[in-house]
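Letters are used for the chains, namely A, B, C and D, taken in the order the chains are written, and counting of residues starts over at 1 for each.
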Amino acid sequence: MIDFRSDNTHGASPEVIDALARASVGTSSSYGEDRLTDRVRERCNSLFEREVDIVPVLTGTSGNALAIASMTPPWGTVFCHAHAHIHRDELGAPEFFSGGAKLFPIAGHNGKLAPAEVTRVIGEVGREGRTGRPSCVSITQATEEGTVYTVDEITRLSEVAHRVGGRVHMDGARFANAVAASGESPAALTWRAGVDMLVFGATKNGVLVAEMLVVFDHSLLDELTTRWVRAGHRLSKMRFLSAQLDTYLADDLWLRNARHANAMAARLASGLDAEILRPVDANIVFARIAPERARTIREKGFDFYDWPLFGEGAVRLVCGFSTTERDVDALLAAIREAQ
Amino acid sequence: MIDFRSDNTHGASPEVIDALARASVGTSSSYGEDRLTDRVRERCNSLFEREVDIVPVLTGTSGNALAIASMTPPWGTVFCHAHAHIHRDELGAPEFFSGGAKLFPIAGHNGKLAPAEVTRVIGEVGREGRTGRPSCVSITQATEEGTVYTVDEITRLSEVAHRVGGRVHMDGARFANAVAASGESPAALTWRAGVDMLVFGATKNGVLVAEMLVVFDHSLLDELTTRWVRAGHRLSKMRFLSAQLDTYLADDLWLRNARHANAMAARLASGLDAEILRPVDANIVFARIAPERARTIREKGFDFYDWPLFGEGAVRLVCGFSTTERDVDALLAAIREAQ
Amino acid sequence: MIDFRSDNTHGASPEVIDALARASVGTSSSYGEDRLTDRVRERCNSLFEREVDIVPVLTGTSGNALAIASMTPPWGTVFCHAHAHIHRDELGAPEFFSGGAKLFPIAGHNGKLAPAEVTRVIGEVGREGRTGRPSCVSITQATEEGTVYTVDEITRLSEVAHRVGGRVHMDGARFANAVAASGESPAALTWRAGVDMLVFGATKNGVLVAEMLVVFDHSLLDELTTRWVRAGHRLSKMRFLSAQLDTYLADDLWLRNARHANAMAARLASGLDAEILRPVDANIVFARIAPERARTIREKGFDFYDWPLFGEGAVRLVCGFSTTERDVDALLAAIREAQ
Amino acid sequence: MIDFRSDNTHGASPEVIDALARASVGTSSSYGEDRLTDRVRERCNSLFEREVDIVPVLTGTSGNALAIASMTPPWGTVFCHAHAHIHRDELGAPEFFSGGAKLFPIAGHNGKLAPAEVTRVIGEVGREGRTGRPSCVSITQATEEGTVYTVDEITRLSEVAHRVGGRVHMDGARFANAVAASGESPAALTWRAGVDMLVFGATKNGVLVAEMLVVFDHSLLDELTTRWVRAGHRLSKMRFLSAQLDTYLADDLWLRNARHANAMAARLASGLDAEILRPVDANIVFARIAPERARTIREKGFDFYDWPLFGEGAVRLVCGFSTTERDVDALLAAIREAQ
């Protein structure tokens, strides 16, 4: 089976396994007091061109929920895209971690929040102070619809949030793909554009299991790490998380893997004999393929998800770091033949 | 440095790394819909001599808190030993996950809860129904004090819990050590003695990072897995957790590692030129070593924790799966010489 | 000043004060074990034409939040109108009491939920089970827009909820006004139409401070009362709440007060020299009165709230149980003159 | 029946009913924007000899839980007496409101916390930071055992709390009785002795239903009032709560009622033909009366609670503001005769 279901069906880069093997020899201090965790922090300082705090986690859901909870009180309101993963795919994790904050889903073209619409909704919600306190704007980069925010778009959303005393969270499950797609630096796409906290994904892009909270406002760290421990997300043998992240950041593995996945999606889009439903900025192609045709393609050994949210016949085709040109070309051929 | 600080400072058995390397090739279904996760379930069915449900997690804290939250309402009361990890070392994780349940710490000799005392406290707390609803008795096996409950002790505690409609949680961070020490079967020490849910530890005993909730009452599964997802503890690439657990259970690696660690602790205890403060049932030795003497030993390249809870000069010496006879003998010699 | 700001600015019917005076003599059992509380229960059985459970509370917010929390798990999803009080005016009380449930606001004409739209949203949210579990549909009767649901409308919404295993909550802050307006019986508007729990308002309609949860599904009572105690909403001297409710239900005070308030609103609407923005089913008139004109009216000694949610120049005029024909006629004259 | 069960079985002083009757005429602004609420604030400023913030509530449980939640994070630890109402009689309200804080019950003679023991427990709990963050010491004044803390005792407990960055909460359900008993000023017993927030009880001492949070640290007000609204404890028709509190504070009604209740308890204690189990500082007498004898007394028309917590045959006899000398003398006679 050739797999276009998700980037989380892919395995891990061999370098990552090697790093784990090295880290598993001998004993080491627990709870992050180890050399590898220190090195991840240093690599992030360098990558983001400033001092940052990092908190390694194991899932995007926990990273997002911890970030939001540390930036919003129980009576806070969080503004996000109507299709945002934090709202639609995490079974209420942000509500759980924050003690009951309220998520306000906002519609937006191509998976992006529009600053004017966010301003309008915040204004309406915040007017009398009876609904909640505007506390966070959450941006997904790359978006759930496979598009990538520009630096200017992020900057304007951050301004909207900061104007009402709110914070900016970036769900970067596919942050590497966004960096690769935009050609912008990690710094430009985050803190320089006003982002307060980033969940920097790695799981979908070549490691076994690892994500990393990157904190740009040091004053948030104490509460964040307290919540992290209390939620059972701090590993005693942290070095095994750090070993993965260290390898991910070394020699630009994160960027190389993302560039490759993006290139595969571009190749797929450019050869596709079907309607493309969203701009292909990163590593995902949404297309319309009639159910009968899709069945034929699946019978030939390909797999991918239907995406009814985008209308009848919509499917999602995801390229991962281990998708090959051969995989893409085979799919393109199968689609053509299934006409 | 020779390390007796904790079993979580040790690395991983080489078989576990090999399994991860194998699992990282190609793509695989996400969220536990994979072959390795199925096999872990089958191995557990066989090991526990009945059908069980399993839920893999990454930390003991999350396992304990999820288990307790799925068995106790927000207004429940949980009865545990005064030194229990869930009460003293998890920053309130059970309270967080359960939505505010109340933990009742109960003193007990050698780290064990005594059924009569638990009965008395539950009676007092439950009398008027104004404090909370007795919902759970939590047993640590092996205990925080390095001792191991007998089947009979567990059975009697379970009866106390069940008599008031409560459940029994077992924190088995060192369950393998308890099985190795007691010579009892996993079934005898758990469901046959009335345990409703076990957190079966692996992290401290030879894998990278993995624990496993073993559920003996199927009716608890739906709420448990819902909480697990909502807390961000379900891995998308679950197979990397399952690969570790599969290897852990295959060929009795879990039991061999635990037997070895226990044997090292026994060797240490039997040769120790110092007062031993608790029975050495499993892999931990608590001893009294005067601060000056301890300093000398540390200067010779050994490390271990002071344990002020057990009085002046108390230290904790932990043997792990990778502790060698040579390590133990070197420590024994250092202790003698530091006289 | 003649007051059209809200029905909660009005005082209490004299009968209610008399009842409190009688109840304050001597001693009486606490926590609801008193004769008055029993009598309220009996009156409700009779009024609702079946056995019901009742739980007296002091605010609509606590009544709504307790009702919802007892019918929805922390991972539940609650579907309500976009302008619902529970979503927009209670600072997240339902989220707090439920432990983080998710409210899904749904737009609807004249303040009413449309069954087809609720079906659509539940379908989308519930499809993959990754967002939450559909657990409750909340209906406001009379609505925030001053309209009243028909029995048929309620029945169809209940069917939508029950079809997915959800429950039906009715926020009846102005339930008396809805009964008075519709000519339907309390039974017809609630349990016969599928409602599981009603918050029967009294505060806005002639008592000092009192509301009442009316529970039609006895299996919900245990959790509901536990939550009620735990939230500090059970009064030790409950008889002072029950004395009010007893008087409210005796001799149809609740219905007479509501009929009067509705009649005053009808009188106001029929004589109004301004655009009326919503159907005037109950005791509230929404009208468009230009800001300059509104200022003139206020200067003549009337008060009422602007209602920007309904567009420029929108105002809300509320009649209470103590609004007189003279008050209404004076306002009508002032509006005409302010032309 | 002559009632010694609790002070919450008593009714209300006639002045309070009169005040409610006056307040129920006409309309008034909602949510505390009224003249009566202002006047309560002014009376408190004068009574406490400084500017204070006040938040009226309806139950002691909600007052305590709101106070504690506004002074302790979800991961905070609260230190209180083992018999404290907040720990034993509120069904986990502090845990619910705080989002899962941990209460540490501490044994203490005559219902009082001893500073040295509190220091010891905080030291043990706080040592490694793995249990929670010491955030609050809670003092009950008068205590659950009918005793009254001295100014010096409160001062020393406050020092213990403040030394670790914690706050001091005073559960003053019987604060009036403590003031009457000690002859100290309200200021001396609270903020001058380091108390950060007081729940000033009125329900048990002559009003219908009302308590009042008195806040000595203004920085706590914003979070406190937010939590108050979110928990459904802010009344729309606040003036009916304020009318009671206004009357309670005017002409020292609060103090006169408490002095009377205390005097009745003293009269009871001094004439009692039975073992007295605790010092009778305020309005409660704990005595040992054998079950047979107690039954005889009850058959003569008296009622009171058994108090098994204080040993076999222990009973609690509570005098309220409406207990008369005749009631007391009749009970004394009945006890003598029941010999």
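Following the convention adopted for this analysis, contacts are C-beta pairs under 8 Å (C-beta built on N, C-alpha and C of every residue); 3 or more make two chains touch, one makes a residue touch a chain.
Bear in mind that the values here come from a model prediction, so they are computed numbers and not experimental data.
S.K.: According to the touch definition, list the chains common to the neighbour sets of chain A and chain C.
M.R.: The shared contacts of chain A and chain C, listed by label, come to B, D.
S.K.: How would you label the chain C and chain D contact, same or different, if same means the shared numbers make up over half of all numbers there?
M.R.: Mostly the same residues.
S.K.: Could you state the distance in Å from the CA-based centre of chain B to that of chain D?
M.R.: That pair's centroid distance is 42 Å.
S.K.: Between chain C and chain D, what is the separation of their C-alpha centroids in Å?
M.R.: Going by mean C-alpha positions, chain C sits 34 Å from chain D.
S.K.: Between chain A and chain D, tell me the centre distance in angstrom, where each centre is the average of that chain's C-alpha atoms.
M.R.: Those two chain centres are 51 Å apart.
S.K.: Where does chain D touch two or more other chains at once, residue-wise?
M.R.: Chain D, residues with two or more chain partners: 74-75, 90-92, 96, 99, 226, 230.
S.K.: Note which residues of chain B are touching chain C in the complex, please.
M.R.: 73-75, 99, 133, 226, 230
S.K.: Contact residues on chain D for chain B in the complex?
M.R.: Residues in contact with chain B: 74-75, 87-92, 95-96, 98-103, 124-125, 127, 130-132, 308-309.
S.K.: Using the touch definition up top, name the residues of chain A that touch chain B in the complex.
M.R.: It comes out as residues 1, 3, 5-6, 8-12, 14, 16-17, 20-21, 23-30, 57-66, 90-93, 96, 203-204, 208-209, 226, 229-237, 240-241, 320, 322.
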